[in-house]
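The following pair of complexes shares a single chain, chain A, combined with chain B in the former and chain C in the latter.
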Partner chain A sequence: MVELYILLIFMIVGAIIAIEVKDLLSSVVAVGAVGLALSIVFLVLKAPDVAITQLVVELLCLIILIRATLKRDLPFSTSGRWFLNTMITIGFIIVLLLVAAKSFTDLPPFGFPIMRVASHYLNNGLSQTGASNIVSAVILDYRAYDTLGEATVLFTAVIGVLAIVRRIGRKKVGEKVKEEDE
Partner chain B sequence: MSREKTKGMSIIVKTITRLTVGLVLLYGIYIVLHGHVSPGGGFAGGVIITLSFVHLVLAYGKDTALKKLSKARASFLENMGAILFLSIALLGFMGGYFFSNFIPKGEPFHLFSAGIIPISNIAISLKVGAGLFSIFVALVLLKLKPTSEKKK
Partner chain C sequence: MAVYLLCLVLFSLGIYCILRKRNIIKIIVGVIIAEYAVNLFFILVAYRMGGRSPILSEGATIKNMVDPLPQALVLTSIVIGLATTALLVAIAMKIYEKYGTFDITKIKELKG
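Let's look at the complex of A and B:
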């Protein structure tokens, strides 16, 4: 339990560094450290499936961010209304904390979840689906409809990114674009 | 701005990449195929397969990697993954309902078990891997070109 708190404090410090530091590359590295600590948190909480997914997605995002920010001088947006922005942020945080303190008292304590639906999956998952990895059994058999929706979301995201970024939509009139530049 | 235009990184990185990129690809395929008996699954395995191609792009430049997996083939693979997943779901009507597990379950803790779950894992890994590789190529490599022309 102690290592969990150490990792959480490390993640909070990393997030603050990522916001406050001026250099973009250092900020990206700090975000990567936060993601790696989150994957270790998932391992400590005994969820290796989520830990593997978090680790590899973090690596891919880190590579994309580093390649996108390494040689660019992106302008640092500093507006003059910092006082109003800070006040609005603090107000939202106070409202959120009040609502959370009200609602989190009804939750069961950490490590003792309510097992209404999950106990059925844990007891009958192996015999009903034949998959010994219970996470696979849930996301691809019991809750496969959710996975279909998630796959649709990813498909739409890929289509959207390719439609915005591709070269052929931004060419001028009469300009010819080669096949590989699309 | 000239590193990806020429021939990738130095000879040390290229040699190490030649040794390790096959292992990374093999590990991704292992994660996908054993998704129903050990931690992992289609999404994580697909991203690891993508990372092996990203590894090639970073070390050798984009021409070598796009020769192995061109953009047209990547989009074809992504569409095939989506169609395969949806057709598995529709074939479930043979067993009675949408996403019914109509293939015999087999023995637990074996590679060929759990009915439709390994096939769904393969479909999702195709979709995720090819889709993220397309996003990577589009975002990182092709968008750098207009800014480099502007700076000259």
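Let's look at the complex of A and C:
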């Protein structure tokens, strides 16, 4: 499990770089590095389907973000109420960490899940659904309505993006259309 | 347990970025990092020590597989995360087009 710790520390370092670096494009590229490391972590944790999806989604996300930040760099503003804002943020994070440390004691230890529902899926999945990949048996058969809801959310978000990006109204005679959508 | 703590540190970094930064792109970056941390936490909970990936094959013992249920739910969550990120980026680009800045403290005048 050493590689898991190394990858997690790499992800944390990448996240710190992404948060603190001043250049927006560098920040987006650092987030891409974090996402690709997350894909390898999924492979280490024996979740190949999730790793493949994470890889594809990460690349698409990177493309969208780079398209948004290209040629739009701007200097940071650090003016005004620096101390108060930082204190409020750190206080919130400390409260979050305290609550989480309290609730971590109720979790099963790492590497020993409870698997009450999942054991039923594992034992009867092949005979009930005929799929040898249990993950696809769960998302496409046992919990197919969940996948339907996912598709609904996806199309709603796409409609939202189209409604925001689209330009309303006719353009004037001499006006040029800027190339500005995704 | 230390793995959970590292995952929580990643989530806290995302929360810090959302609350503290003033650039909209940085806020989106924070949302993405927090989302990665939550997905990672589910997969960590599902891991079984010395387990195999949940794909049946000839002569495989069912006993030693990792939990397939959180993996299926995270698979859904990742795709929804992409859609919400695209929506956030679209709103950010529209704001930039209207106000000429990504700085949230400069966006005060809500003129029609």
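Here, the second predicted complex is superposed on the first by the 162 of 182 C-alpha atoms of A that agree within 3 Å, B and C clash if a C-alpha of one lies under 4 Å from a C-alpha of the other, contacts with A are read in each partner's own complex, and residues count from 1 in each chain.
Quick note on the criterion: contacts are C-beta pairs under 8 Å (C-beta built on N, C-alpha and C of every residue); 3 or more make two chains touch, one makes a residue touch a chain.
Fair warning: this is a prediction, and the values are worked out from it, not measured in the lab.
Once the complexes are laid over each other on chain A, chain B and chain C both fit without any clash. In the superposition on chain A, contact is made by A:129 with chain B only, not with chain C. By the touch criterion stated above, A:60 is placed in contact with chain B and with chain C alike. Contacts of A:110 after superposition: chain C is touched, whereas chain B is not reached. When the two complexes are overlaid on their common chain A, residue A:98 makes contact with neither chain B nor chain C.
In the superposed model, A:148 lies in contact with chain B only, and not with chain C. In the superposition on chain A, contact of A:165 is made with both chain B and chain C. If you count the residues of chain A touched by chain B and by chain C, you find the higher number for C.
By the touch criterion defined above, A:48 reaches both chain B and chain C. Of the two partner chains, chain C is the only one that A:12 touches; chain B does not reach it.
Of the two partner chains placed by the overlay, only chain C lies in contact with A:28; chain B stays clear of it. For the pair chain B and chain C, the least inter-chain C-alpha distance in the overlaid model is 6 Å. Shared contact residues of chain A, touching chain B in one structure and chain C in the other: 48-49, 53, 57, 60, 64, 67-68, 72, 126, 132-133, 135, 137, 139, 147, 154, 157-158, 161, 165, 180, 182.
Across the complex, chain C meets chain A through its residues 1-10, 12-17, 19-23, 25-26, 28-30, 32-33, 36, 39-40, 43-49, 51-57, 62, 65-69, 71-76, 78-87, 89-94, 96-97, 101-103, 105-106. Within the complex formed with chain B, the residues of chain A that make contact are 48-49, 52-53, 56-57, 59-60, 63-64, 67-68, 71-72, 126, 129-133, 135-137, 139-141, 144-145, 147-148, 151, 154-155, 157-158, 161-162, 165-167, 180-182. In the complex of the two chains, the chain B residues touching chain A come out as 1, 31, 35-44, 47-48, 50-51, 54, 58, 66, 71, 78, 82, 85-86, 89, 98-99, 101, 105-109, 113-117, 120-121, 124, 127-128, 131-132, 134-136, 138-140, 142-143, 145, 147. Note for the complex: chain A touches chain C at residues 1, 4-5, 8-9, 11-12, 15-16, 18-19, 24, 27-28, 31, 34-35, 38, 41-42, 45-50, 53-54, 57, 60-61, 64-65, 67-69, 72, 74, 76-77, 80, 85-86, 88-90, 92-93, 96-97, 100, 104, 107-113, 115, 117-118, 121-123, 125-126, 132-135, 137-139, 143, 146-147, 150, 153-154, 157-158, 160-161, 164-165, 180, 182.
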